[in-house]
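The two complexes that follow have subunit A in common; it is paired with subunit B in the first and with subunit C in the second.
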Partner chain A sequence: MSSIKPFSKLPQLNTANVLLVENEGKLQNDLADAIVQQENNVNVTVRLARGLPLPAENEENRPRIDLVVFIVHLSSELSLVSTENSLKQLDTGYFLGKVCFLVTGARCGLVPDERLVSLRKLAGSLHCPLLFAEDQTREGVSTAAQRVLKILRVSAGLVPMVTGLYLSSLTRCTVPLDSDGSVQD
Partner chain B sequence: MDAAAEALLRQTVRRIPSSKLNGVLGRWGCLSEAQLGSLESMQPKWLLCDNLISLCRENDLSMKHVAEVEMLYCIENPKRGMWYAYQMVETDDEAQSLELMHFRERFKAHLKDLIGHVSIKLKRHQDESVWIRIAWGDNFNRPNHLKPTYVMHHLQTPYVFVSGLTNKHKPLLFQALVLAAGYSSIKNAHLNGRCITALRDLLMRQYKQVFPSSCPKPLKESNPLPNPNIENEHAKLVEHKQRAAAEAFGYEDPPKLERATYKLETKYREHGNESLNGRDEPFRGVVKFTSSNLLESLKYCITSGMASTPLTPLLSSITQKGRNYFVIRDKGPSIASDTLGPDH
Partner chain C sequence: MEAQKSATMTPRTNVASGRRSLGFEKTNLRYTPGQLTALRIPTSRRKPNTRNDIDPEQLAYIANIEWKLSYVTPLYKFRHTQLVLYSKQLSAFIVAEKQKGIAVEVGPEMGFKVVFSVVLGMTETDEDAETVFIKICSKPAFAVEGSAVKVVWSGWFTCVNGNLDYMRSLPSDFVSLPLFCTNGPESITALVKSWFTRMFDCYFGPLSLNSSILQWLGALWTECHPASNIRYLKLAWNLPTLPPLDISYTVHPQDAWNLWSSIRQNDSMEDGISIEEVRRFMKGLESHFFRHFRMHLSAGMLTRICTSLGSAHCDGTIKITGTQYITPVLMLLTECAQLKMPI
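Up next, the complex of A and B:
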């Protein structure tokens, strides 16, 4: 088991690396394909993981990770629980603008509200942005890839004058004020 | 051609989709080429039915022939109800060398001995299975062809698949089957489902299985041209889970089952709760898993990490024992009560 750190390795020129963490492995592959296809100017590398910590054998050839994306399916409680467990293994340096959450299934009426509320609380307390995505359609996946890429470019330092911490302080999810779930952004 | 035959013909034609109707009637072989050509499949079903009945009258066809067309369609499309599997036990040497003609004669003779008014048809399908269609009557009624019982059996195997059988006729059919096939008794195999080929594959182990081995080969090339920019950190774990799933439920297309039922009869064991511990009666509960393709869903549970590996034997014994109905009993005070895998 090895833990990743945001600044333990040297960056490479014109390169951005993103780590997608998802317990089920449903959306990961499609999203990775979409991200790699959409970006032509920058060399984007996508690493897929089922959870943190990452296995130790890939330690040497793993590049510096610029952004960690946690994919959470609201339809499954396990997805949320495993994300919470993975978060505990993540280095604190990442929370300065190098983590975001991607939520799917938020439109489904059958999903209990509490999961989304607890996820918003989690994202709010960590000062991380929360993205919503549609995982069933092609367009939804490509839109999600676009949004992830936008954040990735900033957090990899490819956009002049903007840093991940600065962007994250603008786009972060705020903690819901009431306990009954009424949410303000 | 009487009213009952007409009713059966109408019901059968209603059930067959228009696109398949011409093919079925062609294979039936009771109508001439010219007569077949005069039937237009573009007509509405009721009109086509009337024309067909008048043609049958012309050819002087009877109930026997009409039952044949229904059987033809059923053999080719056996997805019309629940199929139940039964297993015959304690064979004698004769069963190994039984041939169709002999089986047919003996089955008909035994069943006709047991019940007077019954209409039996036997047919061998292309894949060597023997199909039996039985229309039951009783002392006062003629055989009811609208609700026949279908039986599918492979000679030289102990398994029998039955659909549309009532409790009243069960002992009669089983006695005739056991005597005709040369066995001494028959028992429930505790397997049912809508897809008969799946049941057969499961019991005769004909689906694509993966066997545990010490030097595993890769299951398949997951991606013919892997993108150098995408790398899976948990590739080994994913491979391991896919292998575990394939070992439990078969490779690629597992047999299509709809449900699995577990009946629990367990006892409560915890110190300090005398009122629950002292009960003689076990707690009874039923756990049912239903899905349009149950084994595929269970496979997905493993690969996605929802079920832990190694898989509980309760789930993997669906394929290993070829059953989907289990009763779990508490054996005694020393053995801990069985627990089920995660619900979904």
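Up next, the complex of A and C:
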């Protein structure tokens, strides 16, 4: 078991690496294909994981991870729980603009509202952006890939004058107000 | 006590208008868009207790029938005093719609008799509007005198313990009966809905029950076990594997009760149930399943919950058998329906 660190390795020239963490493995592959196909100017490497921490065996070969994307399916409780567990294993340096959440199924009427609320609280308290995606259609996946790429380019340092921390302070999810109007952290 | 009585006996639109318009301006100001999301399922509920003040004859119409649930936006200028008039208008409307496009009347089933009635006592607070029950019987053209009429469709509007802030924020001409239950052919349901939409300027939408609502129902029914035997606790899950897997899980009532009471002992809340207890109860059931089959039920979706007191399905159908516990179930469903209201 090894924990990845954002600044422990040197970056490579014109390269961006993204790690997609998803317990179910439903969306990962499609999203990875879409991300790689859409980017032509930069070498994008997509790494997939079911959860964190990552195994120690390929530690040396693993490039520096510029962005960690947690994919959460609101239709399953397990997805949310495993994301919460993975988050605990993530190095704190990543929360300076190198983590984002990708949520699917938020429009489905059968999903309990509490799940989205608790995920928003989680993202809000970690100051991370929360992206909503449609995983059933190809257009939805390619839109999600586009959005992830936008953030990835910034957090990999490929956009001049913008840093991941700066972007995430603009795009981070706000903590939803509780019923009595107080903000909970 | 006296005031409460008169409020339940007389149509509420007449009684409450003064008080409502008084409270309206105050509450309306409080409803800033940010706070509207506060209208959500509460984190604790009262324990179910038996009730006998509803007319058993009227309850019999509701019990043991599988109802399809919908939500309705508040009805504009609906009056409980004019139910006879509504009966005539709705039956005329249904006949007219059925005859549309038919040159010559064919088939024996052309006559419809619609009866609107009030189910008294199916409320929790004074602000709840009385339940309205609608029955549609078909009249065969050549029926023998005195032969039994056949009920082809029935439905009811109800509101049990509706959100007070929401109901007070409505203008006085609106009656909030957010939950609409129907049983019968879809074609008649569609006709009734379109009549209500035209008459009372409301909107109908399907009401599905998400897994947290089903979990609440399971816990509420299990809580009733010592008083009235639930006989079984059946749950069904749908796991998104390839191909999809349907899992049905039946728990012996005594085991369910033992699990539930072991969870309840830890908490001191005497007459209430908290969402945490419900979660722990479901987690207990799920971890037991995991120990045997190595499958995470939490990865799937809870689709059905069923005891001898009633059953509920996630697509929005419910059947209530234990009518003595009807109030907590309807309170839960009213909350669900109110969450769907556009504000």
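Going forward, the second predicted complex is superposed on the first by the 178 of 185 C-alpha atoms of A that agree within 3 Å, B and C clash if a C-alpha of one lies under 4 Å from a C-alpha of the other, contacts with A are read in each partner's own complex, and residues count from 1 in each chain.
One rule holds for everything that comes next: a contact is a pair of C-beta atoms (placed from the backbone, for glycine too) under 8 Å apart; a residue touches a chain by one contact, two chains touch by 3 or more.
All of these numbers come straight from a predicted model, not from anything done at the bench.
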| item | value |
| --- | --- |
| Contacts of A:Asn14 with subunit B and subunit C, given as first, second, both or neither | neither |
| Subunit B versus subunit C as contact partner of A:Glu24, first or second or both or neither | both |
| First (subunit B), second (subunit C), both or neither touched by A:Asn85 | neither |
| First (subunit B), second (subunit C), both or neither touched by A:Ser76 | both |
| Which superposed partner A:Thr45 touches (first subunit B, second subunit C, both, neither) | first |
| Subunit B versus subunit C as contact partner of A:Asp33, first or second or both or neither | first |
| Which of subunit B and subunit C A:Ser125 touches, first, second, both or neither | neither |
| Which of subunit B and subunit C A:Ser169 touches, first, second, both or neither | neither |
| Subunit B and subunit C contact sites that coincide on subunit A, given as residue numbers | 23-24, 26, 76, 78 |
| Touching residues (chain side subunit A, partner subunit C) in the complex | 23-24, 26, 75-79, 81, 109-114, 117, 176-179, 181 |
| Interfacial residue positions of subunit B with respect to subunit A in the complex | 227, 229-234, 236-238, 303-306 |
| Complex contacts: residues of subunit C adjacent to subunit A | 34-35, 37-38, 40-41, 206, 208, 210-213, 240, 296, 298-301, 314, 339 |
| Subunit A residues within the subunit B interface of the complex | 19, 23-26, 29, 32-33, 36, 43-51, 54-55, 58, 62, 76, 78, 82 |
